[in-house]
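Notes follow the structure.
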Amino acid sequence: MTLVTFTLANLVPADPAQAALGERAASDPAIVAAFREAQGLDKPVVTQYLVYIGHLFQGNLGTSTQSHNPVSQDLSVAFPATAELALFVIVFSIIIGVGLGTWAALRQNRFSDQLFRVLSLVGISIPTFWLALAAFYVFFYQLRLAPGTGRLSASLQAPPRVTGLYTVDALVAGQYTTFFNALSHLILPGLVLILYTVGLLVRFSRSAVLDVLNQEYVLAARAKGLSPSRVVFRYVLRGASLPILTIVGLAFGSLLSGTVLTEQVFGWGGIGQYAYKSATTLDLPAVMGVGLVVGVVYILTNFIIDVVYGVIDPRVRVQ
Amino acid sequence: MAKPPGGASDSRLELEADAAATAVYDEVQDDRAGGSGGSAGPGGSGASGVSFSALRNRLRLPPTFRRPMAIIGMSIIVLWFLVAIFVPWIAPYDPLAQQFDRLQAPNAVNWFGTDSLGRDVLSRTLYGARISLPLALILVVASAIIGSVLGAVAGYFGRAVDEIIMRFSDLVFAFPTIILAMIVTAALGPSLTNAVIALLLVSWPSYARVMRSMVLGARSREYVVAGRLLGFSPFTSLRRDILPNVAAPVLVLATLDFGNAILLLSGLSFLGLGATPPTPEWGAMVADGVQQFSDWWLAAFPGLAIFTVVVAFNLVGDALRDSLDPRTAGAVQGVKI
Amino acid sequence: MAEYSADTQPREVPPVAPDARGLRLRGLTLELGAKGAAKQILRGIDLDIPAGSITGLAGESGSGKTMTGLAICGLQPAGSRLGGTISYTGPRGSAPNLLALKPRAMNALRGREVAMIFQDPTASLHPMMTIEGQLTDGMRHHLKVSRTEARSRALALLERVKVPEPATALKKYPHQFSGGQLQRISIAIALSSEPSVLIADEPTTALDVTVQAGILRLLRELCDSLDLAVLLVTHDLGVMSALADTVTVMRYGEVVEHGTRYQVIREPRSEYTRALIDALPHPPAEEGSTPAPGALPPTPTRTDLR
Amino acid sequence: MAGHLTVRDVHVVYKLPGRRQLAAVDGVSFDLAPGEVLGLVGESGCGKSTLARTICGLEPLAAGTVEFDGQPVVALGLRKRPGHLLRIQMVFQNPYSSLNPRRRVGDQIEDALAIAPPSERSSVDRLLDDVELDRGAANLFPHQFSGGQRQRIAIARAMGARPDVLVGDEPIASLDASLQAKVATLMRDVALKNGASLLFISHDLSVVRVVADRVAVMQAGRIVETGPVAAVWNAPTDPYTRRLLAAIPTADGLGRLPAA
Amino acid sequence: MRIFNSGAGSTRAGLRITGLVAIGLASVLVVAGCTDNSQSTSSTSAADKTLVIDKSFDLKTSDPARAFELTGSIVDKAIYETVLDFDGSDVTKVQPGIATFEENADNTVLTLTMTGTHTFSDGSPVTADDIVFSLQRVQGIAGNPSFLLDGVTVAKTSDTTVTLTSATSNPALPFILPNPSLGILNSKVLMANGGTTGADDQAEAFLNKTSAGSGPYQLESYDVTTKVAFALNPNYAGDKPAYGRVVLENVEGPTQKINVQAGSTQIALDLNADQVQGMDSSVKITKNASPYLIYSWYNQDPAVSGGVTDNADFVKAVRQGIDYSKLLSIAGEGSTQPGGMVPSMFLGAIESDPANVFDLDKAKASLAASGYSGQPVTFSYPNDITVNGLQMQTPAEAIQSQLKDVGITLTLAPSPISTFLDAFRAGTLQSGIMYWGPDYPDPADYLVFNPGESLGKRAGWAAGSDPTVTAAADAAAAASGDDARKTAYEAWQNAANASGPFIPVIQPGQYAVSTSEITQLDLNPVWTVDIADIK
């Protein structure tokens, strides 16, 4: 993972020193040389990589050429921002998406099924950056219902850091104004992403539930004379939980890896925006840091999915 | 469905022919037996009947496209392709000419208004079809070919080949598409060609995965084994027995992916990493709209264009997917996150 | 040879009094598909399933026998239309026509009065639920028993169907059992709400012969001791001959033949039944009328029936 | 006549998760002479299908040898099947997945004809006649046939290669009871008529009895009893065979419950 | 297959699901309802008078010795004092800061005399040692602003005086010293936190968390991506600022407009002319000429020029082919066409130059004379940069379209500023547009646009390739006294316009939009805005 990011980052045919230094400084060879030495750019690429890996094991991700902060510090701000949004989105998406998907499957080919399917298609077809813009235009610009960009209104201070999630930290600190403010900032980007994620989940959970409905154990459960809701919740959803879990995990993973376009429009300051900024400013340590976070998120979500698989499905459990 | 009980048929096949004709009777049971047993149309009750209905089916619209949503989707696609082909005759003005007052709201002259340089938004939006559609097509076709070949090879040959190809695709898959594409375009420099290359690099794994899983499934199908027993070499087997049976899902995936391709291309352009001005590319036009926030028409119409194309391809792809065997349909969800 | 056999003499179809306990199907029809292009799946089935007796329903796949079983339980596929009557008389009450019941009433009756077991026990048990969960689910719903009561009943049931180590079995999942054990568990589940009718849809088809024998014995024993009305749906005439008291043969959604098992298997009146029997690898030796292979009689016409 | 199959002390082992191993076939030996029909009977999981696949070279041997006319049968792997082994062909259990759904029946039979020695080459029409199917079937696709008809097509295809040994891996298990005996008999007849020996694998002893000359009873990876059909059927020596026989319900209308 | 044939049953199951969905939707709505919108959040803090300023961040650091970005200057101006100062938006007169100054006749020695009244935020007085340390640190760190003191030796001469000695005549030095990058730091605090005057300085992280200055504010919180908050410095020697707490928030231009209209923000700094237009009357618009200058260049290096852009007639055709007035209308009200490279508010600026006048016919004639045969010319510009809210892409597209009328084919080649700079500084770009922001308010800053100088080299303008311009530039650099300098600089610009590769295109307008509660807001070319001066 790090190797790929590193290779990619080094493919960039421009000199990071030029990007990082000001007009005058960049014309001064001494300053450029000092910069390159400080960043370790004067060494051969392989050495650079080994040095990077070495530092990595000491928890040192290098210093961003743009923010002049340790990359780990930048990430520790950006990641919770993304995580807060991702959690908000995934919780509502699961409730709405799995609910609607199950409902659609139960009423296969009826009107509500067709409606939800088309809606879910719409959800995944709208360009998120455009929807974000439209939502922003309507709810913020025209109606003034939603707050502006960022995670918190400017006049408020971030709550004392516990988790890095503003809503949680505000509750912990008992700052209810801050809590509601942070929550209100979540809504618009949240809704934009929820629409997409719900679209995804409706499709997947519908087909997962349809699959299960064709299983004989559902017929057997109905033959027991259980109430339909009991059959759905105890038998059908349990049976469909694995594929749904997989897609929820993937969706959550990719939300956690940053939703560049949405974050960009809403100035969210999360991983996605950080990635964009780092990539366009050739901030190599930062790009590498993002790559690392993405990799860890990917591995972790897969690991968690595997663990939950084992909890849900006795057949997967290691004997 | 039921054949009239009196209908006589070739007597020596009778018990079986009847069983086939009534295969749908015990649906629950038959479906369990696997395969598409229940879907046999007129059964094996004689060649003449079959060819007649085959002819009738050939003349009719395939059932996949008889659904209203699929028809809507198909019409939109056809419409946009017509626009892309005939736009010089359709568009009211030159999309590049800065000939109007700047930032005019939609009016009788400029139906979609004008942009910050006094260009006609309607003409630019229509010309956008010439940019996005062909590029998306190239992207989808190329990544489908690359991904399918790699996936088929990985799935059929297994072991080290599989391991190498799939680990690599996992690696690419792990990265959010847009971030990876962003890094690549930032490295190569922003241009539509580079955006397509970048997206190509990141979008083949989904085909590889689907192809691999289907080849893997098909490889152990008995007709493939039977072919090998008849002396087919692995490549003959792949070409003759496996690929025709997994091609349909890949085509469906490609249809669904077309929408994605347009979204990703426009997303990169939106970030300034795709189309170079003054190219009337939809994503770049939306990005212009961001600057003039209150002039809603700048972003609204190109965004709508993207949306209609994507939703149309998704509608058609969805209908196509439903026509697949449910088992393979599961593999082809066609949505990247 | 076996405890329950003895019955070597031909036996007439037991006369079923109109108020006798059990199920009585009259003119049952089932249509699938849109009104215009409906498919006739069942074309007027008359069938009696009396208590204390095993009623066999035979036929090839596609004959509608499974659909008949499902229709009795109200589990026919969506979009199908039923006609005719199914009357039920049980120890706890009776219903003149199950088809006329409100869905909720039918739901209360299903599982409680009429239980069903399926062909493949590995598919009809939920792979992710413990045996206890699936076994007590029905009785807790229908009988409103407490959790501990349900548990002790479940233990007794597993003992009744001869599942070894019932206490540990309750905590296990389906994949930890063999097919035969699972079918015993399925039977226990079907019996958990003390029904009076049991629909057994190909209960042994997925099992090995040696395992099948045990299940057949269990079914016979349960039918006799619990005075169950059992409908045995099977395409296997061997199983039919071993277990059923009366046999009904179906084809194209119609009843082709009905009688005691001896009568139907030894002296089939319909040519179709005879063809089925003749297709067996080991036709009864004493009947000499084996037709030459490939010269099976033509399809019965409507006038052949009943 | 060529086509002698010799199976000697064959072991096939499957790897299970967690380093465990399963001996699916555990020391099996038998001979299949040209023109002979051998029935292999056993219940699910006894290893009979694995054995069939091993004989065709689809499973690697853990120990022992399988020889065909003195030449060893090697695992197929990713190579093209060696020419001499093409004379072992197989009919599979599931008629719904043993034919390529995208190719016409005739084309699939042609594939087999192509590898038959030119002197012995049959024709699609003749093969369809052999399996009692309409000649028009050649132009249709598999989904236009019922299960029994597909199995006939599969037999025709296998026979088209002019094999010396035809292996039937539960070829009748997924057919309706009324068809089983018929298809089995047909398979036997077609094989013998075209000069192939038949290894007929089934879980149903009563069907095997109808088609086979000799029968081998398999249990837990081993052959527990072997002998002429009549002998085994009438006087089984092995307790397992006895149990198997006793469990078969007879359609005699007498209501005799089989022994458990 | 539908699972429940019984209508009532499915309705019940359905109700459960509908219920869940409804609860989900309802909770979203409740949350939405509970949240106070932007207006009320800002009013809650009105009592302690929080001032919110929207700025599109280019912030990298708040360490003055390293900061040389616009946002960094705003931040550093608020938390540090400089030895000299400007008053409001007037940058033509240098005012005393921590010290007063005196220069010798040939502008080589500048003596600073401390006023002695300033104290750091920890209460300790500002000393001459602090000045020396801070200025030497800027030099020693080898950062972006180091060049400001190139060739200057800083020495303490007494407890209250410091001398700055330049190797050559340095008349611009007093104009350089008010730069916020030359802010004076508390040397004792800094040295305790890793601060040195060399490249081994480790104090940046410390300075990004807190501040060690004598300015009106100190850092309350600092985040380069979202916002910087300021609190009052209790020990500030000057007048207490009007606002006790200031938040500088990172917001993109379009959003700033809405923010300031909604009142959630008091001041928006990055709006362009289009965005300013049509704003409601409740807001106040402060207009100022921007010190930024957008110029176009045409590479003279034969290896890069493709045989086109190094042709004098071709450049002339471009000069005459650009429709400057149309560009101004696109750039919006308040923008002007600069006569030369020196922006209008600086000494030596020229108002117009006959060389840079739109005349399509003349342009075509010049083009014909050049022998240009329609080959495409690559026109590069950074596409992620706005200059006073104006995207570089806008004039680029306009110029492309205008030159098309002349007969010149430009191929636009946008790229992110990072990759753009790399190629531009290497001098490999054929043509394009870029901007120049002043490092200090003196025309001397513009002498880099000369043959062989740093910017000249980017346009392939090698030393000695244009003796006329070089001579004029040398004269301008050597001139002493305001009048002499003015004349010399004007002459230099006329010469450059006649034969040079640089075409000054637009000097955009600079806008600050504020709500009605703001009564005083001065825009300054060096530090954009002095937060402490806002009332």
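Labels A, B, C, D and E are assigned to the chains in the order they are written; within every chain, residues are numbered from 1.
The rule is simple: a residue touches a chain if its C-beta (ideal position, glycine included) is under 8 Å from a C-beta of that chain, and two chains touch if they have at least 3 such contacts.
Please read all numbers here as calculations on a predicted model, not as lab measurements.
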Chain at maximum distance from chain C, centres defined as averaged CA atoms: E
Interface ranked first by C-beta contact pairs: A-E
Gap in Å, rounded to a whole number, between the CA centres of chain D and chain A: 55
Centroid distance [mean C-alpha coordinates] between chain D and chain C, Å: 33
Distance from the mean Cα position of chain B to that of chain A, given in whole angstrom: 25
Distance between the centres, which are taken as Cα means, of chain E and chain B, whole angstrom: 47
Chain B residues counted as touching two or more neighbouring chains: 12, 15, 19, 23, 27-28, 32, 186, 189, 272, 290, 293-294
Multi-partner residues of chain E (at least 2 other chains): 1-4, 6, 9, 252, 255, 258, 384, 416, 419
Sequence positions of chain A contacting 2 or more other chains: 12-13, 141, 214, 216, 219, 222, 227-228, 280, 282
Chain D partner contacts - residues on chain B that touch it in the complex: 10, 12-13, 15-17, 19-20, 23, 33-37, 39-44, 46-47, 50, 157, 221-234, 240-241, 244-245
Chain A-facing residues of chain C, complex: 73, 75, 107-112, 115-116, 118-120, 123-129, 137-138, 141-142, 173, 175, 186, 189-190, 193
Interface residues, chain E side, partner chain A - complex: 1-4, 6, 9-10, 12-14, 16-18, 20-21, 23-25, 28, 31-32, 34-39, 41-42, 44-45, 50, 52, 54, 59-61, 63, 66, 68-69, 142-147, 199, 204-205, 208, 220-221, 223-227, 229, 247, 249-252, 255, 258-259, 262, 264-265, 384, 416-419, 421-423, 425, 436, 439, 448, 454
Partner chain A, residues of chain B touching it in the complex: 28, 31-32, 69, 171, 174-176, 178-180, 182-184, 186-187, 189, 259, 263, 266-267, 270-273, 283, 286, 289-290, 293-294, 296, 299-300, 303, 306-307, 310-311, 314-315, 318, 326, 329-330, 333, 335, 337
Touching residues on chain D, where the partner in the complex is chain C: 43-44, 132, 176-182, 184-185, 203-207, 209-210, 243-244, 246-260
